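Alright, structures below, take your time with them.
Here chain A shows up in two complexes: once beside chain B, once beside chain C.
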Partner chain A sequence: MASEVASALLFYLVNGLIWGLIIALIALGLSFIFGVMGIVNMAHGDLYMLGAVFAYWIFSALGNFWLSLLIVPVAIGLLAAPTERLILRPFEGHPAVTMIATAGLSFILQQLVLMTYGGVPKELPMPLQGSFDFLGVAYPLYRLFIAALSLVIIASVWLFLHRTDYGILVRASMQDKEIASAMGINVNTVLVFTFVLGCVLAAVGGVLAAPVTQVFYLMGNDVILLCFIVVIIGGLGSLGGTLVAALVLGGVEGLLAYFLSPTGARAAVFAFMVGVLILRPQGLFGTQRG
Partner chain B sequence: MLFGFFILTVLGVLMPRGPRSLAMQTMAFCIFAMAYDLCFGYTNQCSLGHSVFFGVGAYGVVLSLLHLQSGILLGLLIAFVAGMVVAFLMGSICVRLTEAYFVIVTALFSAIFHLLSLDMTWLTGGDDGLSVTLPDISVGGVRLSLYDPMTNYYFILVFFLASYLLMRRITEAPLGKVFISIRENEKRAAFLGYDPFRYKLAAFVLSGAFTALAGSIYALTLRYATADLFGLYWSIIPIVWCLIGGVGTLVGPCIGVALMFFFQYYVSAWWTHYLILFGVLILVILRTSRKGLLGYLLGR
Partner chain C sequence: MAILEVREITKNFGGLTALKDVCLSVQEGELRGIIGPNGAGKTTLFNVISGDLKPTGGKVYLQGEDITGLPPHKICKKGLGRTFQLTMVFPELTVYESIWVGINSRKEKPWDPFRSFEKDSDVSERAEELCRIVGLYEKRDELASNLSYGDQKALEIAMALSTDPAVLLLDEPTQGVSPKEAEGLIELIVELSKRMTIVLIEHSVDVVLRLCHKVTVLNEGRVIAEGSPEEISRNKEVQRIYLGT
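== the complex of A and B ==
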């Protein structure tokens, strides 16, 4: 009996942690976009949604899920670059204004998807069959693939930021845009690049999540607040902090879902976050400005 | 503006049934929009948590009618006070925070209330909501029934007018001037001896209370309240109203509401995806004039 409870709890915990990794991917993008450009991107959840919807389309057209991991980043990049340059650029640096503008963008994206994709939630088949035995719990192989790929992506983003020349430029722009510009950095391309990178991260999160959730035009609304919390708790621009915060949040929500209803678990997590923000407005790991 | 009220008074008699019920909802939203602007336009606090007050107001009146058998007027008062209390509690947490954090924490509150109201069906009725039968109101020996559309119309008009006059009194009083000075330059206002936190909190609480009033009147016109009223939609829509009509005024938000309603009812009739136009409209307005239509016209 006790071992059954333990293995059920373990299952919920692992589920929560894997969800946390997807959240970490999305939140990382959000953190870049906010950190470098000062955009509070309310449409970020919709990029996650777009990733999942594109994955669904690619699967139904080509019959192959894995191709979407290649095609979606390119497609989202082509969409995101002009959006930043032409629509969002004038609002950057004013958090409240960017928030409203991106909320407008979010309406547009959601309705466009509703028009073309329809309002009915759809499901993708698992691209990887089979399961993996983990401490007496049979675990679907695909979920472990999600975890592995997310970790690889997060690690390569870290390597990019800290071990390449262009990463230094991005970090410099994050610290101070004007000085970076004065030092001869082409901040314009850094801005476009950061926005594209952030959007692609969210979309890849959507592709990975597509087979394990329902693909729905409002699915972005479920993750957006969670991602904002992760960014704040983890501290702006802190990659490790974002990862830890996402894992803790995912794990806690997963465990709570065993005891409470899913909505109750999420409400409890949000309430906890409000408490954290009151006590430590700079986040648990961050030391930077808000 | 007063001329507008005069027109509304006359129109109440002339309007056919359909537009009149639209006008009633519009007036409830006008109170919401003006209340929101008290916070957004006058003290520059871009809250995403006003759906909390809207929902609290709606449930305040519905629950006090259902469980306390209070009359409608007492129910509205309870809703107003409940909104004030919730706004005070929420504001004392949020108002101190910087811009981005304020937005996100208020959004968190809105999400918590929405999730809880969906979960606690025994209290709120969840998605299905709670419906209510409206008792008669007796004022000075006269009994009025809100089931009479004409009475209902003028009932709401009275509250609309009263809210407008009260809020105008507040914004034109020294208090309102302090609000504006904090919006323009918070540090300088603090230097002059005004504690920005207290004044911003005051604006937040007043805004919350009037939003709750709007919510309760909206619930009375619908004759029910549902958990949906706590949804994020009701936090974003007032921003759009204020932006379209004009931030930092009381008349502007009302214009925004009227335009939006026109949009929603006539454009949605021939195009269901009118929210796209809505999004485009937001971007265009932010691009051309952040002060909205009224600000654009006045600024020319």
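== the complex of A and C ==
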């Protein structure tokens, strides 16, 4: 009996952690865009949704799920770059206006998908069959693949930011645009790059999640809320904090889902965020900005 | 020929005139001081030269080339370096990384997402040399936000130098630092002025009169006096502004 409870709990915990890793990918993009551009991207959840919808389309057309991991980042990049140039750039320095603009973008993306993809949730078959025995719990192989790939991507983003030429430039621009441009950096190209990278991270999250969730034109709404919680708890602009907060929240929500209804678990997560904000308004890992 | 030439620059903010027909001609190798009471337009003038602000009227020439209205990163590449009045460094980059950014930005193909940072030996040699020049070699791996205020000021100068400018604009480099640190920074500026053209905004009139070859006095957005330190200290209008007599 006791061991059954333990393995069920473990299953829920691992599920939550893997979901946390997907959330971390998406939230990393959100945090990144906010850190460099000062933009709260209200359409971020819909890029996740687009990633999943594209994955569904690519699977329907070509019969291969894995191709979407290659095609979607390129497609989203091609969409995101002009969006930054044409929609966000004119409102640079007006955070409230960019929030409204991206909220409008969110509605447009959702309605476009509703028009073309339809309003009925659809499912993708598991791209990887089989399961992995983990401490007595049979765990689907594809979910472990999600975890591994997410970790690899997150580690690559970190290495990119800290160990490459362009990464140092992005961090410099994130910290102070004025000095960066006085030092000969064309901050505008960094802004486009950041927006594209952030959007691609969200879309890849969508591709990875597509086979384990229902692909639906409103699926981004749920995710954007979680991402905001993660980014706020982790501390705005703190990439490590974002990862830790996503894992903690995913794990906690996963465990609570065993005891409570999914809605109850989500409510508990919100309560946790409120508590954090009361005690540490800058987030758990954020630094106070003067 | 002047290395930096400001011709009849006017800058209006709405109805407020911050600069009115300001002319400034700085010769190569000069150490020029700019003084004036608060709100005289000193920093606005720097911002117009560096491209952070577009002038309402007038022209700026750097090494004979019209740079008026170019974005800051292009003006930087034409040979202008600057520091800001409020100390500004990249808080979460190390001293070495901060300097490296400027050196790298001058290269032909500066930013490569796949190139590992630090591999490039001529860049890292120059970065270490600059760390030494401003006396931060021992602290090169410290995060900028962990440095003392005076060290941050020195780092700012090193960052401005890292782009290898022909003309360096320094905006109150000794503001808010201890007298001992200020002495060190002034020595550094004197040393640098042997190798490049420097325009210095300084709150302390004494420092400017002691160091600079030539001094320009701004008041209410206009140049009211220009000349050698001796001429400026004898100037009646300057005395009136500073002493209120």
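Simple rule for what comes next: the second predicted complex is superposed on the first by the 288 of 290 C-alpha atoms of A that agree within 3 Å, B and C clash if a C-alpha of one lies under 4 Å from a C-alpha of the other, contacts with A are read in each partner's own complex, and residues count from 1 in each chain.
Keep this in mind: contacts are C-beta pairs under 8 Å (C-beta built on N, C-alpha and C of every residue); 3 or more make two chains touch, one makes a residue touch a chain.
Quantities reported herein were computed from a predicted structural model and do not represent experimental measurements.
Student: With the two structures laid over each other on chain A, which partner does A:S181 touch: chain B (first), chain C (second), both, or neither?
Tutor: Only chain C is touched by A:S181; chain B is not.
Student: Quick one: is A:A101 in contact with chain B, with chain C, with both, or with neither? Answer first, second, both or neither.
Tutor: First partner only.
Student: First (chain B), second (chain C), both or neither: which does A:M273 touch?
Tutor: first
Student: May I ask you to decide whether A:Q110 touches chain B, chain C, both, or neither, giving the answer as first, second, both or neither?
Tutor: After superposing on A, A:Q110 lies in contact with chain B but is clear of chain C.
Student: Quick one: classify A:L169 as touching chain B (first), chain C (second), both or neither.
Tutor: In the superposition, A:L169 touches chain C alone.
Student: Check whether chain B or chain C contacts more residues of chain A in the superposed model.
Tutor: Answer, by number of touched residues of chain A: B.
Student: Is A:F160 in contact with chain B, with chain C, with both, or with neither (first, second, both, neither)?
Tutor: After superposing on A, A:F160 lies in contact with chain C but is clear of chain B.
Student: Starting from the residues of chain A touching chain B, keep only those that also touch chain C in the other complex, and list them.
Tutor: On chain A, the chain B and chain C contacts do not overlap at all.
Student: Can you name the residues of chain C that touch chain A in the complex?
Tutor: Where chain C meets chain A, its residues are 50, 52, 71-73, 76-77, 81-82, 84, 88-93, 97-98, 100-102, 104-106, 110-117, 159-160, 162-163.
Student: Which stretch or stretches of chain A touch chain C in the complex?
Tutor: Chain A reaches chain C through residues 160, 162-169, 171-172, 175-176, 178-187.
Student: Hey, which residues of chain A end up touching chain B in the complex?
Tutor: These residues of chain A touch chain B: 34, 40, 87, 90-91, 95-97, 99-101, 103-108, 110-112, 114-115, 221, 225, 228-229, 232, 261, 263-264, 266-267, 270-271, 273-274, 277-278, 281, 290.
Student: State the interface residues of chain B toward chain A in the complex, per the touch definition above.
Tutor: Per the stated touch rule, the residues are 44, 46, 48, 93, 97-101, 103-105, 107-109, 111-112, 115-116, 118-119, 232, 236, 239-240, 243, 273, 275-276, 278-283, 286-287, 290.
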